[in-house]
Amino acid sequence: MVIDIAFWALGLVAVLSGAAVFYVDSMARATYALALSFVAVGLQVLFLQQNYVGVVTILMMVMEMAVMAVYMVMFMGMNPALMPMSMVHGNRTAVVVAVTTFLVLAAGILMVDWPARRGSPPADVTMALGESLMGPKMLVMAVVSPVMVATIVAGVVLAARRTRYDRFGDDLSRRPADDPQPGGVGR
Amino acid sequence: MRPALLLPEIVLFLGGLVVLMSGSFLPRTRQWATRVVAATALVTATVLAALALPGPAEMAMEGTFTVDTTTGVARIVVALGTLVVLAMASDEISGTPRESETYALLLFSSTGTLVLAGADDLLVVTVGFLLASIPLYGLIGIARTPLSAEATMKTYLLGALFGILLLAGVTLLYGVSATTSYVELTDRLADAPAAVVGTGVMAVLGGLMFKAGGAPGHFWVPDAAQASGGAVAAFLTTVPKIGAVIAAYRLVSMLPDTVAWPLLVALLAVVSMTLGNLAAYWQTDPRRLLGWSTVSQVGYLLVPVAVAGQSDLALPSLLVYLAGYTVTNLAAFAVTTAFPDRRDLHSYRGMGRAHPWLGAALVVALLGLVGTPPTVVFVGKLTTTAAAWDAGYVWLAVLVLVNTVASLFYYLRWIAPVYAGGEPPGVLTTPRAVTPAAWSASTAVVTAALSVVLGVGAGVLWSLVSV
Amino acid sequence: MLSLIVFLPLAAALALVAVPRLGDAVSRWVWVVVAAVDLALVAAVWLRYEDPGTGRLAFEERAPWIPGVNSSYHIGVDGLSLPLVAMTAVIFLACAVFALRETDRPRPQAALFLFLQSVSLGLFVAADLILFFLFFDLSIVGMYFVIAGWGHNDAGRSAMKFFLYTFLGSLALLAGFIGLYIAAEPHTFDMVELAEQTPLAGSSLGGGLVLAAILVGLAVKTPTVPFHTWLPPAHTDAPAIGSAVLAGVLLKMGTYGLVRIAMPMLPEAWRAWAWVIVVVGIVSVVYGALVALAQTDLKRMVAYTSVNHMGYVVLAVGAAGMVADDTAQARAIAVTGAVTQMVSHGLVTGALFLLAGVLWERAGTYDMGSYGGLAGPAPRLATLFAVGAFASLGLPGLSGFIAEFQIFTGSIAAAPVTALALVGILITAALFLRALQRIFTGPTRGASVGFADLRPAELWSVGTLLVLSLLIGVLPRPLLDVIEPAAEVVVELVGR
Amino acid sequence: MTLEATLLIAAAIFSVGLYGAISQQVVVMVMMGLELMINAVILAAAGFWWFLAPDPSGQVLLMVVIAAMTLEMAMGFAVATLLHRERETDMTDSAADLAG
Amino acid sequence: MTVMAQTALWLLVLLPAVVGGALALSRSDRAAAAVSLATAALTAALAVVVALARPQVAMPFMAGSDLALGVDALSALVVPTVAFVTLLALVFSTGEIGESQARFHGLMLLFASGALMTATAQTLPPLLFAWEVMGATSFALVGFWWREEHRVSAGVTAFVTTRAADVGIYLAAGAALAGGAGLALADLPDGSEGWRHVAAAGVLVAALGKAAQLPFSFWLSRAMEGPSSVSALLHSAAMVAMGGYLLLRAEPLLASTGWAAPATAWVGALTALLLGAVALAQRDLKQLLAASTSAQLGFVVMGAGLASVSGGAAHLVAHASTKALLFLAAGAWLTALGTRRLTGLLGVARRWPLVGWTSTLGLLSLAGVAPLALWATKDAVLAAALETSPWLYAVGVAAAALAAAYAGKVLVLLWRRAPEPERAVAEGHHDEEEQGTRRVGLPEQAPLVVLAFGAALLGLLALPPVGDTVARALGEEPVHPAPLEMALSAVVALVVLALVWWRPAPEPAWLRGWLGLEVAAHTLVVRPTVALAESLARFDDRVLDRVVTGSAEAVLGMARRAATFDDRVLDGVVETTAGMSVRAAERAGRVDGRWLDGAVEGVATATRRLGRLARRPQTGQLHQYYVQAIAVLAVGVLLLVMVR
């Protein structure tokens, strides 16, 4: 019973903080709200006996939100935390679509005759995950690493205006590198 | 486990890594070496795939990946298609600061496409989707122009949405079946609630449609085709489709009869082809026109998917169409990369007389896209239409033909100025608009010729794809 | 042998394209020589031809093409196709000779026409639906470039209209072909097998729909009313030799398809819908003739008479589907007449379009009112045109009569309503005589003044076509001996 | 704590995310909407795993979802940066030259 | 012997055809006349040979029927007639035709070949073949002087009118084939009941057209624009006569139907009567002769309808000789004086006595004065008429009286010594047609003499004993007109001649205008046809074509407009659809008034909407893409959930 209440409460927190993302009037607050939503869901996942994944979710999201906050300060060229904003378009359409989606999904969830549980959870959930990753689903994880490489490459390509040839010259022989801030930022 | 069966994919990815690494140490003007490396990787992958092609169908990686004729054909087509893109890139990208990165991303995306093509597990589909998509964002944005930035943003945001939907779909399917492997899904989905299965399938298909560039995930295609570089545009309108359509084929093939997926896919096909054709009508930018044209081509490609399992012709016709489409579409793009500064249909006025071979290549490519014999797309279109008819979808076959007529008009809008007399309206001021780029020009001619040769030798092609 | 005939021009075309250093004169003569050699080869085939009998082809060649869908490179000739093959070779040679003085890009022109020749010959020898369709479509493509590249006035627009319209038809045709393929058991695109199988027999709806698709496709190409509107602009704006090939050869592809594909493969549906075809034929005949009568533009007039003439063919093959007792002979005569008409129309209309081209080249107009008394300065032109006109209106002694007499006797016997179309021969007579009168008689005036008479190349090319028409008109037996057995086979097949 | 409850919460989060993705003009805010949708998927996947299908592949699915989320977001930042540099904007509406 | 005779028959047809064709195409005028005359002479000799030897030849032709030629009793009469008249007309023409002799002789020989082939054809294909060749060459010969438009028009009228009738033979051929009779002329009566009627009707119409019988007569009037030698051959002995010949040949077919024979007889009789009246009203010699030809052919047609083949054939031959003579004479005067107006020929017989006397002989024969040729032959036909119906006979006699009247009218003029003022008027008419030469040469006179013999003596063909032989050869019992009848007709002729001498005949305008037949044909057939043709052509250009281009353009035009069109998709759909409908309706209203009907516009509107919609979703606004994608996916889900 307590668990149920807690679960519902977390769910409520997750939804409401999610909604708050688009309600608060600064990007920073939106970021915090999003992080809160994720933490709530992560806790719910923990309730659902997926310790490892739940923790990972929480950790990842906290990190990511930190990155996002930094990113906005760095790149948006302004302090979004202080600027009120209302940058919304097609609000009515969006509301209609979202509400309809929810209603349809809810109706589906309630009307569908969900099947019975197949089998039972393994004794050590995290162990089973590890074995699965190393066993039947190895390809999945094996592909995720190239995806990461690709993400890094693509991300750099998109984000960085200057290339190595801008820094070191066309034949890569210029030393020291020609940087706008010689030696890098932290120096 | 048998990772050796995935050798072509591994070769491509490792090739990409080598390109990336070696690119960091090469002077800007000597990055062509990375192109050679990339080409070597592609050729190696092709050879490996070709060697594996005659073998029996095998499952790799614990049943999550299938190596069969379909995969083999996809490997060859993807690798060779990317090779052709490399050839086009030789003019356009050669010597740019991001040259090696471009090649690396092309190879990564090709790898992802192949993962999609062979995937026999929903999770592999998911990661294949990611691996095929993420490099694309980088490729589109690499041109670093305002328009390309816009196109990147749109592609990315659409891709993210459809990726999430794909994940949601996979989650639903997993939820009602407790597995993600196709082998088990077939039976388990039959007992599952159809509404959930339907929703899940739609979501997964939606994701694949984004990758393939068909409705409803097509919005990025014309934008990206117009705004990115020529070689990249050629790549992204051609290669990812191969993986996505084959993945869609494999997905629907394992679905139970409890959901009306053939009708759904047929409707998606009709929407794609019709929308693509109609929207292409008054385009003035040749690449955007081709972008819309590829949307319509995806519609045609979905026809055999819609009748998967209901006609013996479905799979071979799909593969033939894919191969033919790849060759022909690349030929058309190669003409645009040969004249990167001709960004208006009118600027092609008189091109056919000044450069007869290129003009002929363009005509072959465009008429090929229409489905004129003896180009290979005709064989594809013929057999896919026949497959639809064979499976009882006469209306679909008729709509394919009606759409073909509709498509004719805008292709002719491009052909007409090419052979019209007179000079183009004062845009040919740059040398790049007057003299065709050598690699692209040869590529255009070769691929156009190949399109005809494959059409004439369709019997051989057919026997290859239906081993 | 047939492959050689079909692909020799193509090879020459490729050679012409590939060797850019060939001079214009050389290109023109290469064209003439290749066309002549091809004609000689066709003549050799004709001499060695023996009727192959029901359901068979002579000079058959077969090689697998797309075995997965049972489509093969299968070619051969019989009494229906051989005359058309010969006619095609003749017309292309005549065009080659006619164009000997062409100055506008002769090399690509020669290549294009050689390509078209291959395509046309290929279509008539094709014994596989896909092969047929291949050539059918390529003929459209080739003609598009002929009109767009060498036409005049609003050539681009006319060419595009031609292309869009006929391509639409070709896709309807393709739909029909696929229907046949699916209905056949085992699935096949082979014409001979399909004719043997008669797929869709017993399915009146399916057979009707497939037949409708094929008919629409062929009707556009033929063209019959109401699918003919692409024809007048295409002809008006096409160059002379383009018009000659278009009218002489390409239009036949539609009617040839009727006797080669629709009738033998869908006999039941054909019989069921024969009355529609007859009606379309009658309407085309009368409508084409009447509209031609009202034209003031010579080329448009001849174009509309093509609608009229092809209407006779449609009428005859439709009547051949009106199966009843005791009319087998009459129906065979009608079909013989139809095939003869295809040959005759090719020769005669080809000649007339070439002559119209002379008018354009000299005076830049097709308007009949701009001329008058042209027989004075250009007696040779007048004579040839008069012969052509009389041939076209079906005067005995020329090929048109042989065709039309057989069409009418056969059709009236099989379907008396076709007698209505007799009006057509009357109106064509009137309109051709009016045209002759307007252009050639009376005092020499307008564009006729200072008009140069036919040059030898023009004379020879047009003259040859008309002499052949005369030969057929006087001594039809060599031609009819080839056609008649095949026509009987068709009638027998459609009667199944 | 039932499957339906979990899924309803997930659906609610999903819808909120969808609303945000559609209604927001700033690219980063759109991304936040998308993140919320992923959030919902995570919850739903966990729910499915626990209530219906306690199979290891469900956990792998969750891992993939999380990985996808991070990677997509990383790309998102790169794209936003690119857009900002090339077009001096961070709004989707301001980048609407490609149309038709 | 047979082989030689067969060769002769082939040569009879081929020789003039080949030589004629060569001459027509060549342009060497110098040798033309000589070659042509030699050919004609040879042909005439061949005609005699085949008339005596009666060969049959055949070669495979088409439509399951042979090209069979043969000479039987009837042909044996007609073939030499044609051949000799050809020769004589050609001789005459050397004086008449100055330029383009090669073309003229070539066409004449071609025509002769056609006529000879018609006369010998045994099956329908060669019959029609030759039949139409005659038509076409007649067009070319009537319009021989092509620089004068009215002559060409006359040729067109002649050809088109006769071809309209020729359609009958096509019909007859179809009917013969359908009726199972085959295409041999002799077998036509064996066809099945229904088809036999069609065949008979077809043959009848075709023959009436060629023979210039009612209602086709008017073309002959126009055909007088041609040279006189052409008229002499075509419009007396050959083409017109071939119409009559065909009916004689098809007499068994006509008889076998029950209705065709009487119809034929009555058409012939009425033509003889009415065209006789027309002839009487003419003021132009050639027009008079033309009308008289129609009228006289009426007797031949009557003979065919009355099963009096021998009488009809005899009349045909006798008339050929007579009328050729008169046409040549008219031609001689035309060349000499440049007029063919009767008043212009006042007293002309005295100026050139040979021409005058021969033509007088011809006119007397035409009038039916005993014992000249036409008196006897006409009475043979009239005797058959009396056996059938007194009414028919009465009409025939009246027609004969009219013949005497118009012949007399000419005679009077030719010989009259007119007072000075009238002579001046007459001379005023000289040279109004062409520049007269004021001389009649030897080549123009010689044929007249030969033909005059014919006009005088050919009556023997209808009189015993020769007449009986002829009748028996044609397979009939000889019928002898009662002496009273013959006397009566001779008396009638004389009385009428006397009357005409005494008082000029009336010349009512409606008769002078050939009963208004041409006007009627124009009003009833030609003008509606041309009007129909023009409206169809407009329809073709405006509607049919625009349906196609219009709908295509509509799609494209709207697609283009859509490029500048941008608004919210989902929000605006309702609004825009309404707006579009209104605009479409407005446009439809506007356009409909101009040229299109609602259906076409409906199609165009529908496609237009599609074209517009196609580019609208691509708004460039990402969030709209999101909405659309979600919407499509939702629809897909719905579909999958609903449809099983």
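As written, the chain order gives the labels A, B, C, D and E, with residue 1 at the start of each chain.
By definition in this document, contacts are C-beta pairs under 8 Å (C-beta built on N, C-alpha and C of every residue); 3 or more make two chains touch, one makes a residue touch a chain.
No experiment lies behind these values; they were computed from the predicted model shown.
Trainee: Give me the step distance from chain B to chain D, shortest route via touching chains only.
Mentor: So the least number of steps between the two chains is 1.
Trainee: By mean C-alpha coordinates, which chain is most distant from chain A?
Mentor: E
Trainee: Where the centres are mean C-alpha positions, what is the separation of chain A from chain E, in Å?
Mentor: 97
Trainee: Roughly how many whole angstrom separate the Cα centroids of chain D and chain E?
Mentor: About 91 Å separates the centre of chain D from that of chain E.
Trainee: Roughly how many whole angstrom separate the Cα centroids of chain A and chain C?
Mentor: That gives a centre separation of 70 Å.
Trainee: Indicate the whole-number Å distance between the mean C-alpha point of chain C and the mean C-alpha point of chain E.
Mentor: A distance of 32 Å separates the two centres.
Trainee: Give me the residues of chain B that touch two or more other chains.
Mentor: 123, 126-127, 130, 134, 137-138, 141, 144, 152-154, 157, 161, 176, 178, 181, 195, 199, 222, 279, 409
Trainee: Two-or-more-chain contact residues of chain E, please, as numbers and ranges.
Mentor: As it turns out, chain E has residues touching two or more other chains at 552, 562-563, 615, 618, 621-623, 626-627, 630-631.
Trainee: For chain D, what residues touch not just one other chain but two or more?
Mentor: 14, 18, 21-24, 30, 40, 47, 52-55, 57, 60, 64, 71, 75, 78-80, 82, 85, 92-93, 96-98, 100
Trainee: For this structure, give each pair of chains that are touching.
Mentor: A-B, A-D, A-E, B-C, B-D, B-E, C-E, D-E
Trainee: Could you please specify the touching residues of chain E with respect to chain D in the complex?
Mentor: Its residues touching chain D are 562-563, 566, 615, 618-623, 626-627, 630.
Trainee: What part of chain D is in contact with chain E in the complex they form?
Mentor: 18, 21-24, 30, 92-93, 96-100
Trainee: Could you pull out which chain D residues touch chain B in their complex?
Mentor: 14, 21, 27, 30-31, 34, 37-38, 40-41, 44-45, 47-48, 52-55, 57-58, 60-61, 64-65, 68, 71-72, 75-76, 78-80, 82-83, 85-87, 92, 95-98, 100
Trainee: Would you mind writing out the residues of chain E in touch with chain C in their complex?
Mentor: Of all residues in chain E, those touching chain C are 25, 27, 59-64, 125, 128-133, 136, 139-140, 143, 146-149, 152-153, 155-156, 159-160, 163-164, 167, 170-171, 173-178, 180, 183, 198, 529-530, 532-534, 536-537, 540, 544-545, 548-549, 552.
Trainee: Name, in rising order, each residue of chain B that touches chain C in their complex.
Mentor: Those in contact with chain C are residues 313, 316, 356, 360, 367, 370, 372-374, 378-379, 382-383, 385-386, 389-390, 394, 397-398, 401-402, 404-405, 408-409, 412, 416, 419-420, 458-459, 462-463, 466.
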